[in-house]
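Alright, structures below, take your time with them.
There are two complexes below, and they share chain A, which is joined by chain B in the first and by chain C in the second.
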Partner chain A sequence: MDMSSGDLNAPHSMGTTIIGVTYNGGVVLGADSRTSTGMYVANRASDKITQLTDNVYICRSGSAADSQIVSDYVRYFLHQHTIQLGQPSTVKVAANLVRLLSYNNKNSLQTGLIVGGWDKYEGGKIYGIPLGGTVLELPFTIGGSGSSYLYGFFDQVWKEGMTQEEAEKLVVKAVSLAIARDGASGGVVRTVTIDKDGATRKFYPSETLPLWHEELEPQESLLDILSTASPEPMIS
Partner chain B sequence: MSSIGTGYDLSVTTFSPDGRVFQIEYAGKAVDNSGTVVAIRCKDGVVMGVEKLIASKMMLPGSNRRIHAVHRHSGMAVAGLAADGRQIVTRAKSEATNYESTYGEPIPVKELAERVASYVHLCTLYWWLRPFGCGVILGGYDRDGPQLYMVEPSGVSYRYFGAAIGKGRQAAKTEIEKLKLSEMTCRQGVIEVAKIIYGVHDEAKDKAFELEMSWVCDESKRQHQKVPDDLLDEAKAAAKAALEEMDAD
Partner chain C sequence: VTNSAPSMINLIGSESDSQRTLYPYVTGTSVVGIKYKDGILLAADMGGSYGSTLRYKTVERLKTVGKHSIIGASGEISDFQEIMRNLDELILYDNMWDDGNSLGPKEVHNYLTRMMYNRRNKFNPLWNSLVLGGVKNGQKYLGTVSMIGVHYEDNHVATGFGNHLARPLLRDEWHADMTFEEGVKLLEKCMRVLLYRDRSAVNKLQIAKITEEGVTISQPYALKTFWNFSAFQNPTAGAEGSW
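This part shows the complex of A and B:
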């Protein structure tokens, strides 16, 4: 049997499924929690939704290092910008700073990002910033390796002006579906909901997620599937 | 009125014993001796007007602009040394463009005013630079509504409902205070500013003048532009009529 666990020196990549959707009054950002180094799951409970300001968060996918460094720089610039302006930065400004870094360093970086937040001028907004540094303002967007399995799903299920509850349910269902099919996505589902009153984090452990087509029940131990009668103790 | 600096006014890096920097005050005099600039913030925008004193009959009307567009949403009217003013306008344009390239949104008027004020102030800190000999009125319309700022040669900048600089500023300010700006639209504001400028123009001391006006308001789709010719003519006619009425008394 092949016992190889992949290349442990490979750079950490977040295979990932990340999602951002707008609803009537704000945005919901969602992500899985698997960080892999080749075939080895380096972190099964990572937090891929990172705070930039009180009202703007970012979903990270692709190279873990690259996405972290971009987030750190943007957080720093946004903080300075907030001090200069004397009021919270807008989501648009955050997205623009992210894309300037992504675009100008496109030869060195490998990270797809989703910026989402709420500001008093535009309300809830989602910006998708994929690999090359394009910036697109969208009512919803998906990213990461797991997103391939969600395009058809969103085409069918998406509608404008959902309530907060509908949007959260949609995001959790979508991440859960992607985790079922994408080997590079897994673990738990994390969401962040942002509206005029601020940001709220939610956590959905694996047991609470529904099982999809042909998924097995989770098992504590392989011994459970053997016969329940315990074998006779050996007497010598 | 003006006290002599005697010895403490030779350099911008020298304070007088009573805490004044005379060079900056002298820079202010250059502004005080120039043609009047009047600006008001109405409920739907900002209107700016300049009394352009014509130095020579040979000059082409419409030349020697005193009001400049800084960005799509803001403009600047200059009083004092024209060449100094050009430098400030260039700097403001550059700040506005850089901000938009970096942050992806038009520069908020408050931020623009702060940057211009910072730049003007910078030039009062070093002995090898002289202060700008011009005052600037900045009018713009951003997401927080229409705003009016004035930057003096000292680098001080405040936000105003109505502002005036130049020769006739005292009389102009008195007139502005009489206006009910919160209820006025820019259309009405243009007429009022024209009346004020015609009113403060001193026929005896100064020769001819040309009225230059600009606005940024809902009607101009929040873009800074010259006041349309038909409205400008209407304003000039109303101003002349108001003058005659005053003379007739």
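This part shows the complex of A and C:
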């Protein structure tokens, strides 16, 4: 029994920030792009928002392997379900399939997921599926280690019935704030917006994101600063 | 009612033998229930905690079961959702007989007890403590089942922290044939104490009522709290650094 790492049984969130938000007409899913193995950033431009069907996407956090295999199985089942149904599957069915895998393998899997999409019966829907396999249909939800820094933020700024633009801006701002403080989150902000017309992917490199507290405007080189600065730029 | 130290389980068989739930993830806290003049009252808050984080604040932990009963659950929410799937199926099959008979609270409580105990015997418990209340043919019923299958009926029951904080209040103030108003006030007193003293409590709760007429669950609401004791104003005035 390893004592050094404290309470091993407390749930712990893993590298990533993921967000799912509903708005008036659809949903916006957002995520950072950092995959780490220990302290090393294995992939600085990963895509954590994975497609399940044309109208349903999933945000993955926790173990990359576990979240990928769950997504792959669900995509496989949904594909067959769509053929049998003869029309696009609902977001609820997708979420329930994810639940089955997460709940029935709760002792082996370490992945927190957010399922989001649009169908003609219920419109835009977001389902949060944390560790253990609980499913909760929510107006918005956050996940991953970076989400710890966003609970207060969302408590303050969340409101029902946002426009698509407001919702996208909110998601990008939130992921950006989490990246600023969470070492396990970083890279770029990716979003997927899903409405009645389908899914649209967007990509926000760091230059497009606002600067937060104690962050400086990136420069090409000190030399540029020196050349444009006043007579005494080098402070001793 | 306690669970044995999870680490001991490893001594009784290797990890690879079978799946077993070692610890819960998203949990609900106390449920409190009392019998009153017209039936049963249950109360539970709407929190779903994730370790020490108060993660979900609108989780319905009181659910109707058929026409005569309500179940309240504390513990792992995913296991409660699974229990509800089993119960809904049970009720459905019961209705399909279409014989005018319907499962009452005593039967549902027994079913739950078997479910929980059999899982416990396989070292793979459903990590919940449940309260089951109902009224059928004028008979009031209030029972509880724990994750290891311990079950009993009583005039007032509670799970989790409620065992320590609510039951003393209920023992003192419960009496037979309380009115609805008295019952609600007593439950709210218990819930307020839990709000003060249980870290995983959230200030959004529901109260459920079961009578011969039927089952209803209130809309979510919050309780007022009182902080204006003079002793709270300046508690460390005479002893700086203490608390």
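We adopt the following convention: the second predicted complex is superposed on the first by the 204 of 236 C-alpha atoms of A that agree within 3 Å, B and C clash if a C-alpha of one lies under 4 Å from a C-alpha of the other, contacts with A are read in each partner's own complex, and residues count from 1 in each chain.
Heads up, the rule we're going with is that contacts are C-beta pairs under 8 Å (C-beta built on N, C-alpha and C of every residue); 3 or more make two chains touch, one makes a residue touch a chain.
Values in this document were obtained by computation on a predicted structure and should not be read as measured data.
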item: First, second, both or neither for A:Ser36, with chain B first and chain C second; value: neither
item: First, second, both or neither for A:Val93, with chain B first and chain C second; value: first
item: Touched partner set for A:Tyr121, first chain B, second chain C, both or neither; value: first
item: Between chain B and chain C, more extensive residue contact with chain A; value: C
item: First, second, both or neither for A:Asn55, with chain B first and chain C second; value: neither
item: Partner chain(s) touched by A:Thr111 [first = chain B, second = chain C, both, neither]; value: neither
item: First (chain B), second (chain C), both or neither touched by A:Ser46; value: neither
item: Contacts of A:Tyr103 with chain B and chain C, given as first, second, both or neither; value: second
item: Partner chain(s) touched by A:Leu131 [first = chain B, second = chain C, both, neither]; value: second
item: Chain B and chain C footprints on chain A, overlapping residues; value: none
item: Interfacial residue positions of chain A with respect to chain B in the complex; value: 81, 84-86, 90, 92-93, 95-97, 100, 121
item: Residues of chain C that touch chain A when the two form their complex; value: 6-7, 19-26, 48, 50-53, 55-56, 59, 76-78, 81-82
item: Chain A residues touching chain C - in the complex, by the definition given at the top; value: 1, 9-12, 102-103, 105-108, 128, 130-136, 138, 148, 151
item: Chain B residues within the chain A interface of the complex; value: 102-105, 108, 110-111, 114, 143
